Amino acid sequence: MTTTTDALLTLTGIRKHYGGVYALQGVDFEVRPGEVHGLVGANGAGKSTLIKIVSGAEKADEGTASLNGEALGDTVKALRAGIATVYQDPQLFGELTVAENVFVGRELRRNYLVDWREQQRRATELLTSLGLSEKLAGQRVADLSVAEQQLVSVAKALAHEARILILDEPSAILTDREIETLFTAIRTLKDRGVGIIYVSHRLDELAQITDRVTVLRDGKVVASEPTKDLTVRQIAELMVGHAINGTTAEAGAPQGEPVLRVEDLNRRNRFTNVSLEVRPGEIVSLFGLVGSGTGSIARAIYGVEPADSGTVRTGQTAMLPGDRSRQGVFATKTVGFNISIASLKGLWLKRKQERRTAIEFIERMQIKTPGPNALIATLSGGNQQKVVLARQLVERPEVLVLEEPTQGVDVGAKEEIHGLVRDIVGQGTAVLLVSSDLPEVMSLAEKILVVRGGRITARFDRGAAQADVLAAAAGDE
Amino acid sequence: MTKTEGQEVVLIAVLAVLWLALGFGTDTFFAAANLQNILATVAPVTIIGVGMTAVIVTAGIDVSVGSALAVVMVVVAQMLRDTELALVPAILLGLGVGGVLGAINGVLVAYGRVHAIIITFGTLNIFRFVALQIFDGKEVAGVPAILEFLGGGAEGRSFGIPHAWLLAILLAAGMWFYMRHAPTGRHLYAIGGNAPAARLAGIRVTRRLVGVYTITGVLVGLAACCVIGGGGLVGQSAGTGLELQVIAAVVIGGTSILGGRGSVLGTVLGALLVGTVTSAVTLLGWRSELTALFIGVFILLAVGADLIRERRRRRL
Amino acid sequence: MKRLITDRVLLLFALLVILVVWMSVLGANGYLVAPYDADYLLSSLESFVPLCLLGLAELLVIVSGRGGIDLSVGAMVSLVGMMFGFMVGFWHWPVWLAIAGALVAGAVLGAVNGFLVAWLGVPALIATLATYYAFTSLALVSNNNAPISTQPIQDLHSLTSTVGQVPLQVFTFLLPCAVLAWLLANRTNYGRRLYAVGTNEAAAKFAGLPVVSIRFRAYVLSGMLSAVVAVITVAQFASARPDAGTVGNGMALPAITIAILGGTAITGGIGRVGGVLIASLFVVWLNAGILLAFEDSRGSQYQLLALGAVLVVSALLNRVTLARRE
Amino acid sequence: SKKEQPPAGGQPRIKVAFVPKLQGIPYFEAMNTGGQKAAQELGIDWIYKGGTTADPGAQTEILKSLIQQKVDVLVVAPNDPDSVVPILADAASKGIKVLTSDTDAPNSVRELFVNQATADGIAHSVIDSLMAPMGGKGKYAIVSCGQTAANLNTWIGVQKRYAAEKYPNATLVDTVYAGEDEAKGVSMAKDLLNAHPDLTGLIGQCTTSAPGVAKAVREAGKLGKVFTVGVGTPNSMKPYLQDGSSSTSILWDVEQLGYLTAWAGAKVKRGEAIQASNNVSAKLPAVKFENKMLLLGDPLKLTKDNVGDYDY
């Protein structure tokens, strides 16, 4: 890798380990002014760790990091130096309003006090520029959907003059339209000479927005090239370290009577008259843009959120929650604990059986972990997701509700998870797939129910044109 | 800006109903002497509650306030008795000693990064030990009446209002304004809502934490001066169980024990509610052992109202 | 060495050994007013039993998460103790029936807490603060502030006689309860689920666990353990006192202290029965030792210092180990 | 530091240990002073060891440590008379002489009880002293301390009966409990004054509420209208006795009670018989002994005239 003198941010020989896990093993990395630098890698490759070192949230064990020749420090110093970060999970304050969140820590002041009016005005401006409703500015963040929260955290990073903007998978839960708005914002900053680090698993985005791509594998840089010199396929292969075979979408074979029947399900302000059926061996997808209400419908069907009226008839059901870290993972517990917790039977714990099951699933799903006794917190995001999915499969449920099963998961793991889903459907499970990842929906689902404004507005069968589905969801007939 | 109104409104309603009922049910509730006594009695709890609210908003807690109160009381009372301390120096001494104890808590909590309840359980015992050592087996009697300026007698009132209560209200107003409008005050909510995120946002978490515990200590010092003024005899059991009274006032006031949400105004009302209930049991001639039962019931009523309100809001 | 610092149970065990050896040496060389010997240690187990049982009660509710805590255990000891007093002392129920009755009473009081916390979602600190006040009051009113110590109550003292030098209640109450608690926490599915709920409530819901009922039962168990302590306390002191669990600093604060010292995480989902056992043994023997170190009243004062210092230091030690791991 | 061993050869000195209800309150500290004086004069060892809270559990642990220490005589002022029964039996079984002082444990194995004054004596004095300024009529109330304190509750019981009998025109309107907290005593006494505007008498039943009720009367500006009587120690009552907010404080000579306790301990250990009337010291020339009870004498009435004679 060549070192150029005009680099804005320079990292050399960065090493970082967590206990026995080496997250970064001598990484060189640089960002130039006005450059959008894509950072990709499989789950656990070390992207988030690298970013945390730049933003001051973590300290490197070895190596140097400097911005314009000045060494980097803790978060406060980094913020002052103009490093703005959107973390992988939005670091927001649920009880505070959106406007406050945007400026928290660096409030706009007048006479030493918070300048509420100016904050409100600037926040509204930023929100509109990101395509969000201006009414949000005064709302409590806890009342927002995850996607809205993600955009708020982008707004927070844009609120102050930045020299380096870091985006760690900002697009994972955004719809295409929102991503486009985001890209517009990024291009504006780029023109102002801001250096941007862009982490994403959506490789197709890289060509659209980045100038340069660095690929990390197992904590090492395996490539750092101008984006135009790389194809999506090449990047994917660099990430996983071997050639990927194209996947063939094999249709399931639905059989018999529906095991999941939903009739006229309603919840005020969320969804209206939702009816659907899923038969054994079939994948039905609820597809909608963020905020369309698909998540609420799925959670109401599973029964963890209320519905006002309507009926749900279902067999034995399991659900993969949409927010892995908050709803999926028992962070201080072991992998074995996390896999077995939903399938405990009787009075006594069957520890041998539990261990056996855990090992079986670790192997079957190729979960990267030393063993069932490892703490789940030490796994990368994608592997944690596999563990949470494994939990739903132990019981062989008749109905499986999957909410965003591959969100924030790298391509390799994504393919594996898709394969697993097809397997279980092949064994006769009925799957209700809630996803905002259109290619995923198109390749997996038998039937696609498009949700807009809390209503099912269109139904498609397998083979429908991607554009038609998207148009129905976006509402621009 | 957060929307805080809610618990305060509920509390004002509950208090209004209670006061009206007592006004009609007894001849003496609205007598000046009774109201003065209630206000003077709840002042120390309110004053400490002002600091405790800030502490709890940061998702912390300080259970050592009772012991800290004992330390300040014995130090100040002994100094008053043995030297010719005037009012202001005596109060400053109290604030200083309280501040030091609070700062010890703050430093341990902020740098120890273990939950505050553990640290302050520890200092609860240590401060009590310190107080007992200073007491040296003797209670402090014959304390000069200087601090009665903050007590419950005529010297402790101007225009019929107890000074201690006026101070409590002033401090509460100041703290309310600070927590609502000062950037560093807003940071307390951020720290309580999500401390790691607050760090990432560049908030000086450690500094703020040391700050709120120190302020609470200082307020404990002031409360100690009020208690000395109200009693005059300082015994070893000073302050036992005070932490529960203060926490009760704060949580009745709607401050979330999980941090990130709450207001000082609620705490003031919460303390007033407890004070009213305590006094009402005697006014009505009910058995005084029942006081605790009624306080328990009112805690549940107040919190229940908050829960229902919160739930309804979630529903929408 | 590293495990010694990171593993709370091992650390406490090491401290316990150091304490006993050091105190015995001091005693043998005449630095204490009386020998710190086996007889003395065994007879101090009398105060170990209630402390440990209530520590276990706190362990269960703290592990159940969402700020779980039970401030009302002392008040439940008082109130159940009075009920037990009525059953044995005034109504002359057979002892076994009265014990069963006390357990039911404890379960009911615990259920009140559980209902408030788990069903209604009242934060535990507030709910149990309220019931602490209420139960305290009811216990006092129940018999007009007076203790019950009629002949049948005095006869109960035989429940707490000694075997060798060991108080009988160690075998009849503590060990069964501790073993049951250990089995519950480590070998039953309920225990697993309790830890899961405490670790991440949302995830537990998505995993299909009956979160409300799991948490509810933790509070019921806490009430029942308090009932056991109530029975033991009545028997040990041959008197049912309306303030048995609330006098002085009350029993709740020491119990919470023990649970925390034993390594229970206040945030829920983490905590071990062994930790609580060793922590309470350590504190009891430390206190017993301190009493022998002073001939006069200072001993009771230094007990406070020692407990406070142990808490603060162990908390800071946690910090050091975390920092080293980072 | 290394504890002193008993002098080699000679007869070991008698060790008398006294366990108060709690340490650090003037009352028991004064008993300790008296006990120490006696120890010096009688050539015995006096140990004073109390808990930091008035808790039967803490008291039991202290008793255990003293049994382990193999003291010769164990004197206890029990927090709960019934609760100490088992541990005292244990002590006796190990050859330790057991006594009670200040508060009795009648069901225990104690060999004798050192009584400051009979419950009747105290209760009658309290009522008589209050009724004198009240003119034997009017409303009065009691501010007690711990709800479960056995001796306070006994006194209250006797007071009620005695007053009902002897002063039929006086009515007790309420009894409230302020714990060991003087400020709370003040506040509750004021509540009582507010609740009953025609109240003319207040009793402060223990050493923290006695000055408390007086202070409440003073602060409420009802000097001369409401009279108070309490069971309070001299130093804490002095200002109130002097300004008239307290008419009388009923107590006994606490130091002498400590002295008598130590004396009785030594006597019992030596196996010497106690006479019906004993000349204990110059200040205690004729102490009566009857029915296993050693009686200090009549209660002491502290007034503004004699309160200066005591310093504790």
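Order of writing sets the labels: A, B, C and D. Residues in every chain begin at 1.
Just so we're on the same page, a contact is a pair of C-beta atoms (placed from the backbone, for glycine too) under 8 Å apart; a residue touches a chain by one contact, two chains touch by 3 or more.
Which protein is which chain? UniProt says A = Sugar ABC transporter ATP-binding protein; B, C = ABC transporter permease.
Note that the coordinates shown come from a computational prediction; the quantities given were computed from them, not determined experimentally.
Peer 1: Which chains lie in contact with each of chain A and chain B?
Peer 2: Expected: C.
Peer 1: Determine the set of chains touching chain B that also touch chain D.
Peer 2: Joint contacts, listed by label: C.
Peer 1: Between B-C and A-C, which chain pair is linked by more C-beta pairs in contact?
Peer 2: More C-beta contacts join the chains of B-C.
Peer 1: Using C-alpha centres only, name the chain that sits farthest from chain B.
Peer 2: Farthest chain from chain B, going by C-alpha centroids: A.
Peer 1: Averaging over Cα atoms per chain, report the distance between chain B and chain C in Å.
Peer 2: 29
Peer 1: Provide the C-alpha centroid distance between chain A and chain C, rounded to the nearest whole angstrom.
Peer 2: Once rounded, the distance between the two centres reads 44 Å.
Peer 1: Using mean CA coordinates as chain centres, what's the gap between chain A and chain D in Å?
Peer 2: 73
Peer 1: Would you mind pulling out the distance in Å between where the CA atoms of chain C average out and where those of chain D do?
Peer 2: 33
Peer 1: Which residue numbers or ranges of chain D touch two or more of the other chains?
Peer 2: Residue numbers touching two or more other chains: 23-24, 52-53, 147.
Peer 1: Of all the residues in chain B, which ones touch at least 2 other chains?
Peer 2: 128, 132, 137, 240, 289
Peer 1: I need the residues of chain A touching at least two other chains; which ones are they?
Peer 2: In chain A, nothing touches at least two other chains.
Peer 1: With chains as vertices joined when they touch, what's the shape: line, ring, star, complete or other?
Peer 2: Topology of touching chains reads as other, fitting no named class.
Peer 1: Throw together a list of every chain pair that touches.
Peer 2: Here the touching pairs of chains are A-B, A-C, B-C, B-D, C-D.
Peer 1: Mind pulling up the chain C residues that touch chain A in the complex?
Peer 2: The touching residues are 186-193, 195-196, 199-200, 202-209, 269-270, 325.
Peer 1: Considering only the defined contacts, which chain B positions touch chain D in the complex?
Peer 2: Interface residues on chain B, with respect to chain D: 26, 28, 31, 33-34, 37, 40-41, 128, 132, 135, 137-139, 141-142, 151-154, 227, 230-233, 235-238, 240, 278-279, 282-285, 288-289.
Peer 1: In the complex, go through chain A and note every residue touching chain C.
Peer 2: 19, 302, 304, 318-321, 323, 326-333, 337, 340-342, 344-349, 391
Peer 1: Would you mind writing out the residues of chain A in touch with chain B in their complex?
Peer 2: 55, 57, 75-76, 79-80, 85, 87, 91-97, 99-100, 104-107, 109, 112-114, 116, 138, 140, 156, 268-269
Peer 1: Could you please specify the touching residues of chain C with respect to chain B in the complex?
Peer 2: 67, 71, 116, 120-123, 125-127, 129-134, 136-138, 140-141, 145, 248-249, 253, 256-257, 260, 265-267, 297, 301-302, 304-305, 307-312, 315-316, 318-319, 322
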